[in-house]
Amino acid sequence: MTNYENKIVYDVKGLNLWYGNDQALKDINIKINKNEVTAIIGPSGCGKSTFIKTLNRMIENIPGVRTTGEIMYHGINIFDKTMRVEELRTRVGMVFQKPNPFPKSIYENVLYGPKIHGVKDKQMLQEILETSLKSAALWDEVKDRLHDNAYGLSGGQQQRLCIARALAVQPDVILMDEPTSALDPIATAKIEELIDSLKSDYSISIVTHSMQQAGRISDKTAFFLMGELVEFGNTEMIFSNPRDKRTEDYITGRFG
Amino acid sequence: MTNYENKIVYDVKGLNLWYGNDQALKDINIKINKNEVTAIIGPSGCGKSTFIKTLNRMIENIPGVRTTGEIMYHGINIFDKTMRVEELRTRVGMVFQKPNPFPKSIYENVLYGPKIHGVKDKQMLQEILETSLKSAALWDEVKDRLHDNAYGLSGGQQQRLCIARALAVQPDVILMDEPTSALDPIATAKIEELIDSLKSDYSISIVTHSMQQAGRISDKTAFFLMGELVEFGNTEMIFSNPRDKRTEDYITGRFG
Amino acid sequence: MENKIDVRNQIRNNIGKRKNNVDKIMPRFFLIMASVSVITTIGIVVTLITDAYHFFKEVSIFDFFSTKLSPLSANPSFGILPLINGTILSSLIAMLVAIPIGLTSAMYLSEFSSKRTRNFIKPILEVLAGIPTIVYGFFAYSFVTPLLMKLIPSLEAKNVLSPGIVMGIMIIPMVASLSEDAMKSVPNALREGAYGLGSTKLEVTTKVVLPAAISGIMASFVLAISRAIGETMIVAIASGSSKNFTFDITHSMQTMTGYIVEFTSGDAGSGTTGYYSLYAVGLLLFIFTFIMNIIAQYISKKFREEY
Amino acid sequence: GATKEETTEATTVATTAQGETQATTEAMAKLDGQVIVDGSGTVYPLMAHIAEEYMTSVQPEVSVQVGRAGSSAGFKKFIPGETDLSDASRKIKDEEVTQLADKGMNMDENVLEIKLAYDGLTIVINKENTWAAEMTKDEIINMFLSGKYKEDDVVLWSDIRPEWPAEEITFYGPNENHGTYEFFYETILAKEPMVTTANLQQEYSTLVDLVSKDKNAIAYFGYGYYESNTDKLTAVKIDFGNGPVAPELSTIGSDLAYAPFTRLVYTYLNLDYAKEKPQVLDFAKYIVSSEGAARLASENGFAPLPESEYKAYQDKLNSLK
Amino acid sequence: MNNQKSQTNNEKNERKSVHIDQKRIDRRILINQISGKVFFSSTLFALLVLSILLYRIFSQSIGWLDLHFLTSKLSIFPEKAGIYGVIIGSLGLMAVVIPVTLVLGVSTAIYLEEYAGKSRVQNLIKVNISNLASVPSVIFGLLGLALFGRFFKLGSSILAGGLTLSLLVLPIVVVSSQEALKAVPGFLREASYAMGASKWTTIRKVVLPVAIPGILTGAILSISRAIGETAPLVVLGIPALLLKVPTNLMDDFTALPIQIYYWTLDTVLTPEYANLAAATIVVLLITLFLMNSIAIIIRNKSQKGF
Amino acid sequence: MRATLDNELRSIHVDIIKMGTLIEKTIEETITALVQQDTVLAKKIVEGDDRFDEMELEIEQQCIYIIARQQPLASDLRKIFSIVKIVTDLERIADHCQDISKLTLDLADKKYVKPLIDIPNMAKQVKEMVKMTIDCYIDQDVDKSKIVCANDDVVDKYFYIIMNDLELVMKEKPEEIKQCMDFMMIAKYLERMADHATNVAEWVIYSVEGVHFEGND
Amino acid sequence: MRATLDNELRSIHVDIIKMGTLIEKTIEETITALVQQDTVLAKKIVEGDDRFDEMELEIEQQCIYIIARQQPLASDLRKIFSIVKIVTDLERIADHCQDISKLTLDLADKKYVKPLIDIPNMAKQVKEMVKMTIDCYIDQDVDKSKIVCANDDVVDKYFYIIMNDLELVMKEKPEEIKQCMDFMMIAKYLERMADHATNVAEWVIYSVEGVHFEGND
């Protein structure tokens, strides 16, 4: 935690990952910066989800996964014995492909994290609720029906609720795995704007199938191919003038 | 049937459609031409699927649907008593959002249509099989495993198989409802190319959520909004210089 | 931002302090609970085998699989074939009733009926499925048999036909419901695909839905057979206890389950060969249904089509 | 069997009788606990009736539960001590006595045989059967004997008397589970094998049904089952040599006209339990009291024993404590 | 229309295509209509049987099913007889079955769905349960007789009967609870883990609340199965006449289905018993109907569109 | 909706306006330098031209990035496309200022054959046009743009007047031919600047209306 | 993969080459008309300029359509962007041919003060440059493009020589001042054409390499 104030949030060094005998990530080296949106793109099965799930060790829920290498999170290797997954995951929020609110009220959804982690003070909870929903640009739409079931919300609102839920435990980083692929274009646009506005407070890593989306919202883009990190750099450069032929081919849709 | 040789395949005149009491299509007037790809775009719930399903009366499978107006198909109103849906649907093929091959062999899938229509001649079946699969640009990939289950194919191959299945009964028109929304970008590209190559023989109407896709593959684009046909014209024009403010707003992502 | 740091720290402190004892205890508790079912099976097998062992000490397998069954006569004989015969015949009749009606009902409900009709009929089927077998037994004995006797004068008051039919009726909801579930779980996309090619409803049903749901349907048949084999009260009440080896379904016959009930509620004092025969028959019945179950599972696995 | 009026009558009798009971038996302590009775299905209606009277009128807190597993089955529970009383429609067999002895229980010392009543083994035929309403004892025995008329035991009525229809007789009867079977087989048929075509059933209801629906049926069972179904069945009058005798309460008895087909029904009391559990003893006393079997036998299709026999049991039981 | 069509046909045939045969289409449509009617009538058959059954039983029970019948003890005299003790017996059984099956069943289901991986032992439990579900109820009766009746010397008490029935319906509860747990989408679990929740917290706070309606539905249905079970109780040796109303779990008892059975058998001695049996059946059916309704209501109320 | 795109478009918009304003100022200065033979100013202008090149590059790059990242369509796309075109014209205008200023430096040590009247007037006209064009762009004003296009004729007229003037001067004062040649070029540059301004105006029309204005070229 | 995009790109590519070739031919003709004082040819050139405007518009429109419909990225996008820029330069080159031909018409009735040597040479050089540029574009040849950029200096040198020549002529023959002024403009136009050719070459470099070539401007 020594270099907490540093710009680098994640420093991934020589990360390899196997599912059983199949290697899904090969010697990944990447640095993820504070207050930046890092897009992760690549063809299906290239390891995008695997990579992002490794960052908060959600990957451990899959049996037979083995890793080597280091993922330094604020200077501490997340694979260290001293690092507890529960703690890591409160620091590193995650938003999934399909909006996955709990079938509870909006209120309960947002406060799930704080509650399971022992926040009991009513007023504090109320504050968390409000700030989280406001940060997720959802407050105005739901403030009059906080106790309605979350499934009454539209897909886009649900996804923003999931973001609010992740924000409620005040993470440093938010990981998103194709957060808009189940949404219509309008809801997608809203989420993209939200991501843009969140980056002043959080580091965001987002997996996306849509290069257009990566282009629109990210500062940095990482291109994965068959488990390798082929190119990583400023999004404008990756999209207008990638250095690697494979990136170029993928970007221009001439892949495969 | 007077203007059968005409370029116009479908001439929709004043079509209204209600689900129970909710009007889903309002006074739609549109002409669909031979050998053209007509894209149907619009925000979620605007009636795209409803419209396309009306063209082969698949909409009738939903209870409580009521229509007024005419859909002239080669000069015959498809709502006429004399028009039997089984026949209409043989002439107007349909491809769906998610690839939906039957859980049978590739062979059985393609020949399902011809077989229910009483084609028994082995050699003819073989020919239909081959031409359909070739037209669907799938022959080379599957010719050595025609009797394997269709579910062994990848998503994109499955979708092309569904196209081959539709082609096997030699329709005039192929309706597609978001045929690539379940596919990855590479498979999508393949299908788009296929659509492009099919238009020399068929009229194709395609619903798509992706304006980019509409842009890439269509000759004409129809923009629906809340059950209305707001604008219909050449794709280039719609995308670079739409006439209607609402189209413009939708196209530029400033809708709603 | 004040508050932000506050929450952050509070949450992180709380995590740091927490011990995960409950998380360690719960799985063990659940494992112990789960093992009860295994113990039950072991209990069944041990119960059946130990007593069946006594039986087979007295009676050779050869005699066991013979047609003469008179367990209590002065010269008892324990040929089980009459029971197997009765079991198979009654199950067969049940299946002849249940499969066609159940399957066609399933096809109707899943593919042909309107939603309203389905919502009306499906619960009724569920009610039918929930009626205790003793009620069916009563029904078979007090209504179906007299009715059948009018149609078939030679029918005996206790016979296999009537309970067979009633068992079939009892199983209809099971076949219909399971098959309907299997058919309903065939994705709509497949139906749409077939309709889109100009198929009629019947073609969609028979050419697409049925083949796609065949594993579920077959499994429902096998489970139904298994249920018929294990069914007790209907046959106990309505098929009598004649131990003759005959194929005449108008006659009274005894099934394996009927035998068990007769013996436990009858002469099942412990210790005699007759008493032990009960367990031998029980064991056989257990094996029968076990095999059926294995078959059902095999079918569902083997024919499972992924969509 | 009781039609509605009869039962009501019986109930009133029972209630009026209550006063007498209390008069004769000196005011006794309230008892509770269980009495477990199992055994003969033939005896069941009688025993159940006695038990119900006992529980409603004498000791409401005592729970007498009456099973009906069958005579042999009853003994198989009685011998290991699972039951207090075991009803039987036949006398205990030597093997069973031996088995009891193995458990350290000897007749009279540890087990008391109580004769409850007489039952007339009744031969019944279908109502439509007009020809066979009267038969001789030998005719009946012969027709049931295996191989007597036909190798394959397909016996025709005309085999018995040529003027009777040439239709196959269908034989029914309770199965080996029942004391009734044993009595018929061992005593009447003298252990000669029965026709193999006989359809032996566990349930009497089945038999009644079968016979009532089958014109050519003939069956044997206890008088009670006939008495409840006189509308469905015809009881064969049997000529034991002195002209046909119908089974009736007035002809059933060890020295009455129907005597050859008359048998005793019993209940066996575990004396050890009777000593340990006052309610068992008390119930046993009630059985043999004037309110018990003596009064209720006839209501259930049995003929009561002479008063003196019951009295002997009363004395015996009273002497226990 | 027809010559217009042949025009189309010609055009198509040039493209070497599927010939649309008018007669064939007509025939297909006709066959389709006929089979629809046939399938419908076969569905009606089930309804018909049900209505006959209900009509028979209800009409037979008329005049017998009254307050007296529900509040009186058993008797061998039809007009005196009531099923108060029988109902209590059945309730007593439920008092055993409900807690035992719920605890065992839900725990087992949680273990299998949430904790068990793919090891052999766990697979064994899974296979075992599905097999157990198809074991005939008489066999459970034999087990209950040997285990609870004889080994634990519970005789034919409510406890013995209840435990036997519990084991009998356990697989159903397990399977239906498993289904309910399975129906909890994986993404909810993921969501919870991603918030830093531990496994048990996730199960308790997310999985169970979602699964409970499904679990309850399954439990109610299996309990109603237990209420109607006869064979295992017959095997356990339930007395045919028991006037005393059971007061604790160690008492002997009779239950609704058993009473129906005995009365059915005894119609030979007392024809009115058939009416008593019918009246008892009505009571049993109404009970079951209510329970099923509750289950359906729970199920419908809880349908969540994930 | 589309906040990032709007932001980025706005940012380019501002850049264009900045560039336009700077060019206006440069034209002003160019005239001043020319008229007052202010070599310092002229030199500054010549040296400052790199800024416009950079600005052009920068704006073009931004446009490419926007297209790559935001996939603009319809009016957005037309706007960006117009900007891509406009920026070239603006850069050319700036270029011509540099060209004029280079000539100013060449002429620095010479006395002008006669006081400059028409050229500064023409220059003023051109400056007006450029300014109007920028306004058109800022307001996306189609009507004004059409006026700008018409104004081009005025500049052309000036050009011919100046040419004739110069021809006369050269004939009269052969020794001043060199100087006149420079003024000719200056006039030509001014004329080109007006052309470019017209182009800009045309692109504004295209951007707004989606069709090309059939004005004069 | 991306067959439609490739087809459409190819179609634009062909259009550009057509346009380029036509321009080469037009330059050739412009020189011929000028040298041989062929008014018919000159007139044809002046009138034919509309074709280039149309071509430019057409290509631009196609580029917009491609961007709108195909969302090109990376090299595709750079290619289209370059084309958008290149087409402007080509059109300007054609414009200047028209300008020169107009002057040719003006000069038609006059005898040239002296035989044209440098101007045709310069023109030839410009034509070469344009031709080379088109080749560069066709081959997407970076190295050749750099040579083109360097060649611009040669043309500039011609320009200064011609200017000096003309100055002398004007001084000697004041009556021919008008004619010389026209030749000056012609030279200027040729010089601008070379500049435009250089621009095209620079855009080819950008298209291929993604970075702007720091040549001379």
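Labels A, B, C, D, E, F and G are assigned to the chains in the order they are written; within every chain, residues are numbered from 1.
By definition in this document, a contact is a pair of C-beta atoms (placed from the backbone, for glycine too) under 8 Å apart; a residue touches a chain by one contact, two chains touch by 3 or more.
Every value quoted in this text rests on a predicted model; they were computed, and no experiment measured them.
Common neighbours of chain A and chain G under the contact definition above: B, F. Graph distance from chain E to chain G, where chains that touch are one step apart, equals 2. The highest number of C-beta contact pairs joins the chains C-E. Ranked by distance of CA centroids from chain G, the top chain is D. Greatest Cα centroid separation from chain A: this falls to D. Chain C and chain D have CA centres that are 39 Å apart.
In whole angstrom, the spacing between the mean C-alpha positions of chain A and chain C is 49.
Computed centre separation for the pair chain D/chain G is 129 angstrom, with centres defined by C-alpha atoms. In this assembly, the C-alpha centroid of chain F lies 21 Å from the C-alpha centroid of chain G. Residues of chain A in contact with two or more other chains: 86-87, 90, 113, 117, 169, 186, 189, 211-212, 215, 239-240, 253, 255-256. In chain D, the residues that reach two or more other chains under the touch definition are 69, 203, 209.
For chain C, residues that reach two or more other chains under the stated contact definition are 15, 200, 203, 265. Every pair of chains meeting the touch criterion is listed here: A-B, A-C, A-E, A-F, A-G, B-C, B-E, B-F, B-G, C-D, C-E, D-E, F-G. Chain E contributes residues 1, 4, 7-8, 12, 15-21, 24-25, 28-29 to its touches with chain B in the complex.
Across the complex, chain A meets chain G through its residues 211-212, 215, 239-242, 247-248, 251-256. On the chain B side of its complex with chain C, the touching residues are 56, 58, 61, 63, 85-90, 93-96, 98, 100-104, 112-113, 116-117, 149, 151, 162, 165-166, 169.
By the touch criterion stated above, chain A contacts chain B in their complex at residues 43-44, 184-186, 189, 209, 211-212, 253, 255-256. Those residues of chain G lying in contact with chain B across their complex are 1-5, 64-65, 68-71.
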